[in-house]
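These are the structures in question, set out in turn.
Common to both upcoming complexes is chain A, partnered first by chain B, then by chain C.
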Partner chain A sequence: MIIQCIFEGIVIGSILALISMGIALIWGVMNVLSFSQGEFLMIGMYLTFFFNKNLGLDPIISIPFTAVIMFALGVLVYKTLIRKALKGPILSQRLITFALSMVLVNGMLMLVTSEFRTIPKVIFTGTVDFGFLVISKEKLVPLMVSVLVTGALFLFMNKTNIGKAIRATSLNKDAEELVGIDTEFSYMLAFGIASAIAGTAGCVLSYYYYITPTVGTSFLLFGLIAVALGGFGSIFGAYIGGLLMGIVDVFAGVYFNTAFKYVAVCALFMLVVSFRPKGLFGK
Partner chain B sequence: MLTVEHLCAGYDGTPILHDLSFHVEKGKIMALLGSNGAGKTTALRSVVGKIKPTSGGIIYEGKSIINMPTYKMVELGIAMVPEGRLLFGKMTVADNLRMGSYRVKNKRVIQSKLEEIYEIFPKIKERENQLAETLSGGEQQMVAIARGLMSQPKLLILDEPSLGLAPKIVKEMFDFIKKINQTGLTIIIVEQNAIDTLQFADYAYLMNSGENVLEGTGSELLENEKVKEIYLGIT
Partner chain C sequence: MNRKGKRIIRYLGISLFLIILAGGCAKDQELNQTDYSNNNKEPEINKEEETVKIGVLLPMSGAQSKAGQEVRAAMNMFVDIINENRNDIDIPLAQSEGLPNLGGKKIELVFGDLKSADTALSEAERLITSEGAVGICGLFSSANTKTAAVSTEKYGIPLMSEGTSPTLTEKGYQYFFRVFPDDTMYVEDSFKYLMELNETKQADIKTVAFISEDTEFGKNIANVEKKCAEKYGFEIVENITYSSNATNLISESLKLKKSDPDVVMMSSYISDVILYMKTFKQLNYKPKMIMGQRGGFMTSELFTALGEDAEGLCSTSAWSLDLQIPLVKQLGDLYKEEYSGGVEMIADVLKCSTDLYVLCLAINQAGSTDAEAIKEAMLNLEYPEEQLFIAGTGFEFNEVGQNTAATALICQIKDGKYRTVYPNSINAYEGLFPLPPWYEK
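== the complex of A and B ==
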């Protein structure tokens, strides 16, 4: 049972990790708190649903399309909203993504109603039974994709020139312009990449999860706490924070009750803050 | 190569530069001297577009660069090594150097430039895979200059390169600056360490309260009574 819980926790945690890495990336690079990350996941889920219903695409196949659309959407949001807000007072910078998230959730509620939807048929179904652990293939897909996306992100940020430029932007904005990196370009890319990752998370989450306009809200809350837990600005910390959140979430739900999971997650966060104010990996 | 005319600039409505003019000739070392708060750094930041001047002109190789964004400066051949070094602390030394040549697209050119720099600074090569923040102050300043050189500049701007360094290291640094100047690079150097700087500068301007009050060749200024009074306490 414990092993089963850990597995389920890692599955949900791997999705949370995708959300929290996006938040950490955006925060690290441009000091914007992205409250709309959960809604990007939700839109990713609806795109997946749309591709599935109208074109018969399996969620896995639609990942590249969804990712590209979400990247474009992220760039558009950056160009039209974030870039402008960054010129304004700090409170606007903090609130703008919150406002965007409200508009997206309620806009979607008007557009598609709060009806729960699911993807009726997916390629990978069935279970693998190890005796001590039953793995459903629908949950294995999100896990694998999350690991791949995370690996790709780390390679991109550490090995490519553009990735290094984005890191340079987060490390020192003054020096970064002096070596010829355009700060706004880095911002735009970071925002686009973070939304593409959230969209991809939406794709694979729809493999076994219901789709509704408010689905992103709880993912955002847990994702934010995961980032704070890992230490703001550290993408690796955000990833570990996400996994941890998932495990705590599942354990609290199974051994106490589902209502308790918010208590458990927030209590864990408070504990970490009181003992390590800068988070587990913050310096 | 670079001419600044009647420049006025400041931060958020607080004027710092009032009427600053200076000129740098190709292949020379030009020093901007002055006490703390004279506006030296503001002058440099205006040249590289970090501050928008309120009036005046900045002409580089015959073209006005006054409203050019900072990130385009390296393409024009202007590299600035900022005060306080501003390395990317959590990146390796090699990555810091590669970031310096971010705008250079040819990988072979980058590699040969990197080797060239390792040849001049063998110490940097030893530290290649260390995080920049773990280096000593002197080594960090070397990396900062090397990062500036990686963009293959025609004009190198150094803001207080001797700041916070031990006297022995400062001497090494100045020797090194002379050496890179001999390769044909034009250099603007801002220093508080005026007497040492005047020994090797071809031309120098003394700034006070946002304007230039004195100018001349290095040796001229060294002989000047006013400079002696300010920097050596001789009257």
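== the complex of A and C ==
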């Protein structure tokens, strides 16, 4: 049972990690708290659903298409909303994504209704039963994608010139503008990448989860805790924060009480904050 | 083009997009909510004299809005049956136009949005005081019923609700009525069915586990289940409560798998039912029987979201399309063909719309819209048994508002439809026990 708990915890954590990485990226680069990340995940799930229903694409196959569309949506949101809000008072900067999330949820409720949808058939299905551990092939998908996305993002941010420019912008915007870095472009790119990651999370989540307009809201809360746990601004920290939360969630539920599993997660968060106020990997 | 010109064109483009979007949405809303908008616009006093207004509280926004739309369609069907002359449907009030004892006055529904327990109170109050509703019905949970009852008891207006908590009839409400069984009756019948399986099919069911969401709905049922399990001699191996709309139900499912009960009884909403079934399948875990206590098990989305994975699930119910009564099929077909756009009638939809119909019967029998007269008529409601379209023997309300002539059913999903497996008098399907594994070896 312990091995099963670890596996399941890592799977839950990998989904949380995908959501929290986007939040961490946006916060780290432009100091904006992205409350709409859960809704970007939801839109990613709907795109996956419609690709599957109309074109017969498996969620894995639709990842690149969904990611590109979500990137474009992120850029559009940045150019029409976030960029303007960044010039306003701090409260507007904090609340603009919250307002956006409300518009997206209610807009989707009007467009597609609250009906629960699922993707009926996927490529990877079935289980591998070792006795002490049952591995669902459907759950290997988010696990693998999460590792790949984290690795790709890490390489992009550390090894490419554009990634380095984004990181530099997060350190000192004015100084970077003086040396000729287009900070506006860095911001736009960061928001687009975060949206694409949320869309990718939506693709893999729809592999085994239901789809409804309010689905992103509950994931967002845990995504935010994962970011704070790992350290605001740290992508690696957000990933580890997500994994830790998943494991604590499952162990507390199985070995303590299911009614208190979220209490355990929040207790862990409070414990970390008391000893390391900036999170495990925050600087 | 200069910068200013570009900006103007950009804003014009965005405005055009928003207008098209709003236009599309407005059209959609108009289709779905025509009578709601009309009601809001025309609450004139003159019209009150021509029609009998009944307040209906339904979730019209948010996650439950689809269920609200289905109930609304069924209620519209009953209103049409009452308001128009339908000689082809053999139930009281169908052969006349409007309510004959009130000079042919027609029924008019006035709607309120049921978002939460708080809005149940405020919307019930609005429908009574502003719209002039003479009775309230809708798609209530037990918690919503309690807050709506604050208004209905205050103004002395009949409240018809299918909130199933036994506490609703223990609170001393004067104007509360429930047509279908309460949790005690449903759960009691679940255990009687298990006993019957042990006796007739040598099912050897010894252990049970309960999964209940942690609001009033789940907690009440868990309490009744615990008492019944002890009464009928079943061992409880797990009694799990969980938060509804959780992001995962892994630990709950792992605990169940570890304790390996013969029967899992679930009190869950639709989102959780879907997630549980998906999680059970991923863990390759299937008990001998999964018995739902209505809630998410009684929604049409169960079939669309789970597909083949829903096969074999059982649920307590108050009504089923396979009841061997010709009127059931006739009403079911009418609803599906003319009102729901092809969606089949399910028990919860029929229950809420029957509440409306029974309230209309009582108003007609009272010959008045006075609350005391309606209450008196309800307590002495006359209904020919041969014209029934629900299980049981009729509508016999006791002094606390419970219809004592109602019967609970146990249904099991076969070929994408609920089929009645209990009680024996209805028994339309012999049932599948134990459930087959998820993956055939």
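The rule is simple: the second predicted complex is superposed on the first by the 275 of 283 C-alpha atoms of A that agree within 3 Å, B and C clash if a C-alpha of one lies under 4 Å from a C-alpha of the other, contacts with A are read in each partner's own complex, and residues count from 1 in each chain.
The rule is short, and it goes like this: a contact is a pair of C-beta atoms (placed from the backbone, for glycine too) under 8 Å apart; a residue touches a chain by one contact, two chains touch by 3 or more.
Every value quoted in this text rests on a predicted model; they were computed, and no experiment measured them.
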item	value
Touching partner for A:Ile181 - first (chain B), second (chain C), both, neither	first
Partner, of chain C and chain B, that touches more residues belonging to chain A	C
Contacts of A:Leu171 with chain B and chain C, given as first, second, both or neither	first
Chain B versus chain C as contact partner of A:Asn161, first or second or both or neither	first
Which of chain B and chain C A:Phe49 touches, first, second, both or neither	neither
First, second, both or neither for A:Phe232, with chain B first and chain C second	neither
Which superposed partner A:Phe269 touches (first chain B, second chain C, both, neither)	neither
Residues of chain C touching chain A in the complex	14, 25, 28-29, 61-66, 69, 214, 240-243, 245-248, 250-252, 254-255, 258, 270-271, 274-275, 278, 281-284, 301, 304-307, 439
Residue ranges of chain A touching chain C (in the complex, touch as defined)	1, 4-5, 8-9, 12, 80, 106, 109-111, 113-118, 120, 126-127, 129, 134, 136, 138-139, 208-210, 212-214, 218-219, 222, 249-254, 258-259, 261-262
In the complex, chain A residues that touch chain B	161, 164-165, 167-168, 171-172, 174-183
Sites on chain B touched by chain A in the complex	48, 50, 69-75, 79-80, 82, 86-91, 95, 98-100, 102-103, 147-148, 150-151
